[in-house]
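Heads up, the next two complexes both have subunit A, just with different partners, subunit B and then subunit C.
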Partner chain A sequence: MSFLRHLRTMLWLDLRQAWHGRLIHVCLGLGLVFGLAVRFALPAQLDLGDPPQVADLTEDGRFGTYFAEHGLAEAGAVHDSLEDLEAAVAADPDAIGLALTGTPAAPGATMILQGHEPESTVVALRSGIAGIWAENGVSRPRAHRLTVLRPERPRPPFNLSMIPMLLTIDVLVVGFFFGGVMVLQDRSLGTVGAYRVTPGGTGVYLASKILVNVILALVYTALLLVIAPPQAVPLLSLIAVVCLSSALLTTVGIGVAVFFRTLSSFFYPASLISLVLSAAMPAYFFPAFNTPWIRALPTYQAMFTLRELLLPSGRPSTLGEFCLTIGAGLVVALILTTLAVDRRLLREA
Partner chain B sequence: MIEVEDLTFCYRGGAAPSVRDVSFRVPKGEILGILGPSGAGKSTLQKVMTKLLPLQQGSIRYDGVRIDAYGRDLFARIGVSFEHPNLFPKLSGRENLTCFLGLYPPRPPDQREDPDALMDEVGLGDAKDKLAGDYSKGMKQRLVLLRALMHSPDILFLDEPLSGLDPATGERVKGLIDARRRRGVTVILTTHNMTLADQLCDRVAFMHEGVIVDIDSPRALKLRAGDHTLRVEYRDGGSLASALLSPSSEPDRARLEELFSAGLVETVHSQEATLEQVFIQLTGRALR
Partner chain C sequence: MIRQLRALLSKDLKVARRDQIATYTLLGGILVALLARLFVPFLEDIQVTYAVAEGVPSGVTSTLEEHGRVERVSDREAVLARVIEVDDVVGVAPGEEGEVEVIVEGDEHPTILEAPGLAIDAYAAARSGVVQVSIEERSRGSGRTPLRSLVLALAIYSAVVISGAAVGLTMVDERENNTLAALRVTPARFLHYLLSKIGLITLVAAFTGPVAAWIAMGGAGAAIPWAGIILATVAITPLAWLLGLLIGLVADTQLVAFSALKVLLVLFTSLPILGFVDLGGFSWLLVPFAPHWGVQGMHAAITGGSMLPAVWTLVAVAPPLALVVVLLGRQVGLGRARRRVEAPVAGEAGGEAS
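For the complex of A and B:
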């Protein structure tokens, strides 16, 4: 009972401190800005670049209609001669050119590249050319077949697909950084010295800080999801993921911060750790970027578990596995951080 | 009753113990002043006594119970005031007093301190709702002292309680501490302030290089270790002259009798040593 009474006292005090230290403002601000960005600023469809410059130089001019149907003529990307095409590609350093030549019996194509394109682009372009010829009457199609695993689950709009990543960023910033900042604020004000000589112990001190950050993470999540609703909101699962992730990263943030005396000395190692934790983000856009150590990051696991919850693709749920892994990590982090806080913060050196 | 026996504490990597074989007893309701220069071991002693540093060697007992038998419940019995104000700057003065109260066991209403009354008592009545960050150094110092009193502790550890206070406010704070003593609160007071120690402390312990070199009432210390003299003012021709004469010196006694016999003596004042002088005599160095 006394633990709960102590926790209530410290929670109220830490919430006041978070308010006065503008941590709550930052949290609400991030939620608002990211929510509005998802809702109004980010496009639903991502256009990754200008269309290729093309020219139909076949003997029968069979691609005129095809280019028109794909909006290339409208975009001013269709040219009548190889010279015009080369001039257009030369004028834009990011452009690529494609001239289709020959007959259905002897199909040909000329690719015009800037020279800096990766090999993958050339391979994709070759396949594209084969595909275009195939769609236009060549008897021996060489295009790759496209298979969609879950055609009943359409690809989520680009703007909504950002939500899991923005939630993970918040858990990272609010949890890891704010946890550390709260401890170092206590240290710089000397108020941790005043706390040392009260009956409140290490457990209460730590639990209160973790709870404050979990509350902030939940408020941020609610704000973001109210402004930019995703495709699904399984409330209990979502709360579990946000609470566990936030608690783990707050604990780690506090555990690291107690080894430093000032915010400025904490800043550089904290930035380095944040950079490592952020290494999960590229994997969201480039699935190949998922080495075993990146997959082990709590941010990676949180991000993809959140994606499956909020934008369900029909894959088997990883929620149980996530809760077990992060829960185990949290227990270990709590033990180590409790020891560190007790030795380095709540006792004299 | 506080009992400290053979207490020795050495910091990790320290060449010599910061506190060595310290023993003393403080009965309930007494104010014990611990005096010494910086580095004498006063703060270390206080930190071990408040469990901020571990007990390495020796023993400390509060009412017969060893300090290591206490958990964090010890902090419900003791109140600690710091020399450097460690307040929440964005909370009001009153909130700073009450913010940690929920961490202490509830007290019956008649044993609870009233934050408003306490603030009035030390002249902070008009600043109760002002942010502590806007307080002057002296105001912060008083607030830190009041925070140590808020949970009605049995034992108070005060570190330089008059630091940064003007004389009038200092008198109020002394009154506040004295009132707690009359209620049976035991006070361990660490200070450089000789006047405070002289006026407020029942006993004074002089610390030097980690050792208590003497402990007694201020008066006894001054009488025992000080050089007692008489300041005599006498008529010398047409003017008034003065001389410091020691009653323990044969020539000085003869001179005094001569002045009295001649009817030349105008005033006689006894001149005691100060605590500072006693300390210098005991240790060969000044307190600061």
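For the complex of A and C:
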């Protein structure tokens, strides 16, 4: 009972500190701004890939209709000569040029590359050119059958797919920072010295900081999801993911911060750790980017678990696996951080 | 003035050395550049992963190895289990009547949906003796991808700009430790205080900009456009001043400083990415936004483009910087205490004269 009483007192003090430190204002402000951006500013469809620049140099001009059907003529990507095509490719460092030549009996093509394309892209382009000719007069056997596991589930809208990323980066990674900064603020204001002579122990001190950040994470999440509703909101699962992830990263943040004396000295190491945690972002937008070290990041797992909860694709749920992994990580982090806080902060002479 | 400025700068350097801020500030920018250099190759060569079951013809597997990464698994069930994981993996299993079954989830990028089938058909066509497409390849010889230029520009720009953050945080430390109150009884004026702060930021930026560029762009032996990089660093440095002084202006405690940083770093280092996206009718919104021009200036330096964006950075940063300096001057109040002390003396003298 006394633990709960001490925790309540400490929690109240930490919440007041978070209010005076504008942490709550920042959470609410960013939740509001990002929510409005997702709802009203970001487009539902975003295709970052430029269409190829093309030219139909065949004797009978057989690709005119094909180019029109694929929207290339409308996009201004069709050129009349190889010189025009080369000029268009030269003007855009992202562009790839493709001129189709010859006849169905002797099909040909000229690829104009920038020179920086990876070999796998060039190989894929060669297969793609053969495929284009196959649709336009060159007969060839079809050697594959495509099985689509979930044809009824297309890619989610781009704007809504930003929500899991924003929740991960702006709520969970910030928990890492907030936790650390609250400890450093306590140290700077002499609160730690005063706390040492109170009956509250390391557990109360740590639990209070974690709870404050979990509350902030839940408030931000609620605000963002109210302003920009995703396709589904499974409340209990969502709360479990946000609470566990926020608690883990806050605990790690506190564990790291006790080794520093001021926010200025904590800022850069913490920024670098945040930068590494944020490396999961490209993998979220390009899921083919799946190197083992990226997949091992807690932010990678949190992002995709949140995506499955908020924008369900029909995949089997990974929630149980996520909770077990992050839960185990939290237990380890709590043990190590409790030791670190006890030895380096609360028992410090 | 020079003596007072040197004394203040020396004090700031001592504080920075004591708390290892200087080390972290210098290393921070360099590490950002190093991370960018290590990370970009991963991004440039994102390959599709194929989960290929036993029994798929070895020629098909070899063809897929040219197109991406191949993970060999035991059977179709294992392929299905791998495909439904969260990352984009295309499954390939033996099909009926000599066909190969390509298994996808359905929400992959369109190119990932089409590419494996095209590759397998091209392989089968080559084996069956049907007419082949004769392909000529021409290369423009450009070695640096647009993505690389963008990431390097952002990394070098960020390395320079965040050097302001550390100095901003030391200003908050000064306020918390009452150093400012002590300074008010010295001959130091706000101009000295301001010059010592921006002098320190400039020293750090002058180091981190070129070093970050050297590391990010390939180190020894790499062709680095030094003139453009130095010009862009000079143009970006006032943005670092702005960031540092803004933190010093709005934050009275470390906690508030962090809250401010959370917002300011989004403005200074995240939003400029919008300059590389087609915003359609909204692109004019970026015109007065100095961080946008800063990143564009560094990007131009790297790609050998026009350095006009660097000039625009200086123009766009001037009004907010002037405003922050004025507000900071009022807040810091250096030089006023002495005037307040001197004023009654003057009043008394006037009284006696009358």
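Operating definition for what follows: the second predicted complex is superposed on the first by the 325 of 349 C-alpha atoms of A that agree within 3 Å, B and C clash if a C-alpha of one lies under 4 Å from a C-alpha of the other, contacts with A are read in each partner's own complex, and residues count from 1 in each chain.
Quick note on the criterion: a contact is a pair of C-beta atoms (placed from the backbone, for glycine too) under 8 Å apart; a residue touches a chain by one contact, two chains touch by 3 or more.
Given the structure is predicted, the values throughout are model-derived calculations rather than measurements.
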- Task: Report clash or fit for the pair subunit B and subunit C bound to subunit A in the combined superposed model.
- Result: fit
- Message: Which partner chains sit in contact with A:T262 here, subunit B, subunit C, both or neither? Use first/second/both/neither.
- Response: second
- Message: Contacts for A:A37 in the overlay, against subunit B (first) and subunit C (second): which applies, first, second, both or neither?
- Response: neither
- Message: With subunit A as the corner point, what is the angle to subunit B and subunit C based on their C-alpha centres after superposing, as a multiple of 10 degrees?
- Response: 70
- Query: A:Q114 contacts which: subunit B (first), subunit C (second), both, neither?
  - Reply: second
- Message: Quick check on the superposed pair: does A:C323 touch subunit B, subunit C, both, or neither? Answer first, second, both or neither.
- Response: neither
- Have a look and say if subunit B or subunit C is in touch with more residues of subunit A. C
- Look at A:V233 in the shared chain and tell me whether it touches subunit B only, subunit C only, both, or neither; answer first, second, both or neither. neither
- Message: Tell me the contact category for A:H20 with respect to subunit B and subunit C: first, second, both or neither.
- Response: both
- Query: Thinking of the overlay built on chain A, is A:A222 touched by subunit B (first), by subunit C (second), by both, or by neither?
  - Reply: neither
- Query: Closest pair of CA atoms, one in subunit B and one in subunit C, after superposing: how far apart in Å?
  - Reply: 9
- Touching both subunit B and subunit C, residues of subunit A: 17, 20, 189
- Touching residues on subunit B, where the partner in the complex is subunit A: 12, 47, 50, 52-54, 72-73, 75-76, 78-80, 82, 84-91, 99-105, 147
- State the interface residues of subunit A toward subunit B in the complex, per the touch definition above. 2, 5-6, 8-10, 13, 16-17, 20, 189-191, 193-201, 204, 347-349
- subunit A contact footprint on subunit C (complex, rising order): 19-21, 24-25, 27-28, 31-32, 35, 39, 42-49, 66-68, 80, 83-84, 86-89, 95-96, 98-109, 111-125, 128, 130-146, 148-149, 162, 165-166, 169-170, 172-173, 176, 253-263, 266, 303
- Task: Provide the residue numbers of subunit A that touch subunit C in the complex, in ascending order.
- Result: 17-18, 20-23, 25-26, 29-30, 49, 86, 89-90, 93-94, 102, 104-116, 118-120, 122-124, 126-131, 133-134, 138-156, 174, 177-178, 181-182, 184-185, 188-189, 261-265, 267-269, 271-272, 275-276, 279, 282-283, 286-291, 295, 304, 307-308, 313, 315-316, 318
